[in-house]
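When the chains are written out, they are named A, B, C and D in that same order, and each has its own residue count from 1.
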Amino acid sequence: MRVVVAGAAGYIGGELLRLLIGHPEVEVVGAISSRFPGKRVDGVHPNLRASTDLLFCSADEVTECDAVFLALPHRAVMTQIEYWTQRAKLVIDLTGDFRLNDTKVFERYYGSEHQAPHLLDAFVPGLPELHRERLRGADLISVPGCMATAGVLALHPLVAHELIDTQAGVQLDARTGSSGSGSTAGPANLHAERSGAMRVFAPTGHRHEAEISQHLGMPAAMTATGVEAVRGVQTIAHTTLRPGVGKSDLRRAFREQYAEEPFVRVVAHQRGIFRYPDPKILLGSNYCDVGYALDEDTGRLTAIGALDNLVKGGAGNAVQCLNIRMGWPETYGLTFPGLHPV
Amino acid sequence: MRVVVAGAAGYIGGELLRLLIGHPEVEVVGAISSRFPGKRVDGVHPNLRASTDLLFCSADEVTECDAVFLALPHRAVMTQIEYWTQRAKLVIDLTGDFRLNDTKVFERYYGSEHQAPHLLDAFVPGLPELHRERLRGADLISVPGCMATAGVLALHPLVAHELIDTQAGVQLDARTGSSGSGSTAGPANLHAERSGAMRVFAPTGHRHEAEISQHLGMPAAMTATGVEAVRGVQTIAHTTLRPGVGKSDLRRAFREQYAEEPFVRVVAHQRGIFRYPDPKILLGSNYCDVGYALDEDTGRLTAIGALDNLVKGGAGNAVQCLNIRMGWPETYGLTFPGLHPV
Amino acid sequence: MRVVVAGAAGYIGGELLRLLIGHPEVEVVGAISSRFPGKRVDGVHPNLRASTDLLFCSADEVTECDAVFLALPHRAVMTQIEYWTQRAKLVIDLTGDFRLNDTKVFERYYGSEHQAPHLLDAFVPGLPELHRERLRGADLISVPGCMATAGVLALHPLVAHELIDTQAGVQLDARTGSSGSGSTAGPANLHAERSGAMRVFAPTGHRHEAEISQHLGMPAAMTATGVEAVRGVQTIAHTTLRPGVGKSDLRRAFREQYAEEPFVRVVAHQRGIFRYPDPKILLGSNYCDVGYALDEDTGRLTAIGALDNLVKGGAGNAVQCLNIRMGWPETYGLTFPGLHPV
Amino acid sequence: MRVVVAGAAGYIGGELLRLLIGHPEVEVVGAISSRFPGKRVDGVHPNLRASTDLLFCSADEVTECDAVFLALPHRAVMTQIEYWTQRAKLVIDLTGDFRLNDTKVFERYYGSEHQAPHLLDAFVPGLPELHRERLRGADLISVPGCMATAGVLALHPLVAHELIDTQAGVQLDARTGSSGSGSTAGPANLHAERSGAMRVFAPTGHRHEAEISQHLGMPAAMTATGVEAVRGVQTIAHTTLRPGVGKSDLRRAFREQYAEEPFVRVVAHQRGIFRYPDPKILLGSNYCDVGYALDEDTGRLTAIGALDNLVKGGAGNAVQCLNIRMGWPETYGLTFPGLHPV
């Protein structure tokens, strides 16, 4: 299968290239970069040295392909979506442009009017754990935000099994590494400024809360903090169980929801160093680890999600969607388990 | 003034020594360590090389002194408190033993019966911002936990000015560096395991939530996560303002509460890299930075506190209490402003 | 092929398990740990959750196998080597016990008399780039030390092409992450002590200098420093070119030496962020990147090597040796290219 | 005393402000920034919140002052030096412009012709440990580079006591944190790129080697690597002792050289976690720790220096020079001892 990556010089773009170059059914026929056309891909992504001789190209050098991955800046895709649908049978968008299906919500969180509202319903959310069947026939896929994916997957069993009162809403606390700011970030992301920081960059109203709210059908409020890490997202959701719900219900809900999922692991242990989901051991892997802890006295539940923002939070999730869409084994190109220690 | 530090080989103990050696009115006459009696203090605390020739001693080498700081393991002080009150006029306890004034709450959070319940009321909380007047006459002082201090100081103006409904309770999310685990921590704190971690070590029921609840008179639930840092605590509190309360009320409450405080700064900026409290720039300093952000659509408020857990979250706060108790300028020994970048 | 890993709960052991579990020709039939017999492997190596249900076993539970990897403490293998040769046709030792072929040198660097000197010549050095042909028929393989591998591979083309005067000797400066100290390291490796350190732990006489000296046939002196990293080794070698040798000779030597090597990349660029070998982008990969820079005025040459100490510096290199020994494609199980950014 | 800082928005500039604001004899009357004139100083240097209300100004707002510190880009000072000597009685330059007294060497290392060669001899090197007497009467002071200071102070006793053969030259290996790249660094210093790196940015010919060579009167070659740290420089010098020189000569040389120095500590211990100089415990302090280790078999000596590049490697050293010049106690404003752990 011939695929193209647009925005290939960015961090998500580079991760798409790493995964697609290692994919048994895919040939990368275009790596588009407006900044580096004609330059070697491995000059920007040095981990790909000896893996590829590909050069970046400009968008107009691409004629047609079977699939295109759009790892572009937010708000860039909605104005050029027809350009891409004409060139590729399958479009997988990794920006925020087609994640929210309500134009008013989009405007509130992205600060601009939506430029292609007629296509919002045509995009299938790139969340296999919630939308696998729809993805099998999708030609337009919108991969969710990294924190949204972690938050949704941690809370989904609670909602699906009606263990929490969705009307009460949910408060989330998200932590993220610096790669989420992208390869063109400014002075605030200089190593000397960002290193060791606990930077509350979105004390209220982070965009991904809108996605969580939409996917779960409940109000969601999220605080986002940059912590010391390059990769990695962790979300902590604070909720309260419905009266009468207990530990065994929780166990059953998580097990039933995720027993067959290839990339979700339930991590909630009494012992050991890694008792709850921690992105540290997920670098490079496509897992989203989810877990929970219950305060039995009060019914308060903490639901935790962790992932590598560039993989399950972006490029890896996109490749998983591709695999589903094409009917390939879902783990193709995604078998790296992560490292420990690291 | 002649002071003794018990637990002087630990991280809080070392920080007490750093601050007290640099204090213009204090002479350190004893640095007690059960592990290293007779060894040089600067062999364990290498930052004090050239600052002191002090040797560690054992507890029984100390006869009497004007003040003792107890930087011992939790539950060790309550069984030996009379030993110390006989040797020192002023006892400043940095453990959790006398922080909670309800023995049942103590038992629930510390898992043991309290051994000196008759003294619980005699200890004055070492929180100058809430108890300065009582501290002026205190002979027994109990310094609060690091996350509790950050959480209480961030929320105190909201409670004192009745901007939030205390009955609704508060949910907190705390992040902390590795030094809080102490110098005798086990394999879970090996660098290879702890580096780059986002380790939810207390998903529910962290001890410091009981202190926050007690100080503020409202239910508090806290999740605690170890993030990549050696020093530093940040707490994020999620609350909702009372109807009708707005931004100007918030500004006034924080300003009035802290305008005269030497070690609390209100940090809530629209611009710049450090817009909200971040412990990164507080290493070594006695500041607790507090800030807040309001989602005006929903009334949700995020209140943020940050400090160096070994300074304002421990040793520095203890020295500030000493200064208040002795009638000295409150900043004696505590003038280091912190570094940037670092 | 049925393989056993001894020392499977350590960091090298865990990395062997990760690589062997993902290897298309290998079945792991034993993961020996004296600390955790009967416990789940993924309880210690959380990255292997969902990849394996293996339990650790004790050594005496292993009857026979096709190959055993010994990831044990130094000096443990030489006293039990016959035990292992009776149980496995192929023994791959990852300790220092059979790396040095001169017992006097061994004694000087390891501080004990060698317990199996008669076997020293029987072990083939596990360095494919220097000993590939011998490895094809080897039944006893001794994998070199992590810093030795980086240092040797960076210098080997210079020696092989006689570009430097070996009698002049070589001075090396090595930097390493904390995982090299192992999973049972003591208080000096606590996160609070080790984080951000530049710790010269071997200012002179590091053991790996003896290996470098032996492999290259020239005196070598090495200084080793622990820097902030969990994984990663970098060695900087300072040498002087023979008179008349120039840049084109250097280029040719490195190209000819490594053009066909699957796991050595020559990295010496004029531009870009990653101009010289940096272990940052090698985490989890089996590459050893090598590079060099010449001061043309003085003839001084800096030769640089970088690798992941647990992979090409240990477990990965061992698997590469296995592949060579068995006649399999050399990259089996070792295709992960590394990440960027990370 | 009325002092001005030019380049006050940079990292060295900020550190000068921190130290000078806390200095008992100094009043900062101007903080010049071409980027932020009129903006609050603590908006750029958040650690100074509550310490100062100073605003940045432009250069032409400064009329005259007693001393000016020039923390400007390299090559900027030599073209404007007369402007400053007309405005300030004492000029302390922190750039590289007046560090090298040979214009040819300057051209080779800085790539431009010197614009004020007539003043090269008028500048006194800001190295108290070598030039204290000359500094007492100096009106023009040139503070050395951070790595040069660490390297020179580690080697100086060996040269002064003639323990090494200076004709043999010296090879140095320097490691540095990211703050040395300054607050206007580009994409190579993004956190995601720089974090965890071991980046050999100067494999040969780093500028500071020319300073070391000049100060010690011997050929010096230096390799410089950026490692994971914001602050901190460590230099490792590889030398060989003259025949007959032994450990006691080394001890005596270092002790005699530095016994009276307020900011140099000799660190060479057999035990403990911090046996050799490590910048980790020097953050914010003005110490340069120096140490050494001898391989008695070969006579090879490793001499190690460590400091905070922004303090003893820049701003702190400059303030120490000011103190000497003014006849004040040398430790004024420089008493912070550093932190542990951190």
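We take it that a contact is a pair of C-beta atoms (placed from the backbone, for glycine too) under 8 Å apart; a residue touches a chain by one contact, two chains touch by 3 or more.
What you are looking at is a predicted structure, and each value in this text was computed from that prediction instead of being measured.
Visitor: By the contact definition above, name the pair with the higher C-beta contact count: B-D or A-D.
Guide: Most C-beta pairs in contact, of the two: B-D.
Visitor: Determine the centre-to-centre distance between chain A and chain D, using the mean Cα coordinates as centres, and give it in whole Å.
Guide: 45
Visitor: If you average the CA atoms of chain B and of chain D, how many Å lie between those two points?
Guide: Chain B and chain D have C-alpha centres separated by 35 Å.
Visitor: Hey, what residues on chain C touch two or more of the other chains?
Guide: Within chain C, residues 11, 179, 183, 187, 192-193, 195-196, 230, 273-274, 341-342 contact more than one other chain.
Visitor: Hey, how would you classify the chain contact layout here, line, ring, star, complete or other?
Guide: Complete.
Visitor: Along chain D, where are the residues that touch chain B in the complex?
Guide: Within the complex, chain D touches chain B at residues 11, 14, 18, 22, 43-51, 179, 183, 230-231, 265, 267, 269, 271-274, 281, 283-285, 287, 335-342.
Visitor: Chain A touches which residues of chain D in the complex?
Guide: 11, 177-179, 181, 183-185, 187, 189-196, 230
Visitor: Going by the contact rule set out above, which residues of chain D touch chain C in the complex?
Guide: So the residues of chain D in touch with chain C come to 171, 173, 175, 187-188, 192-193, 195-201, 203-205, 221, 223, 225, 227-229, 232, 234, 236, 238, 273-280, 292-295, 298, 300, 302, 304, 306, 341-342.
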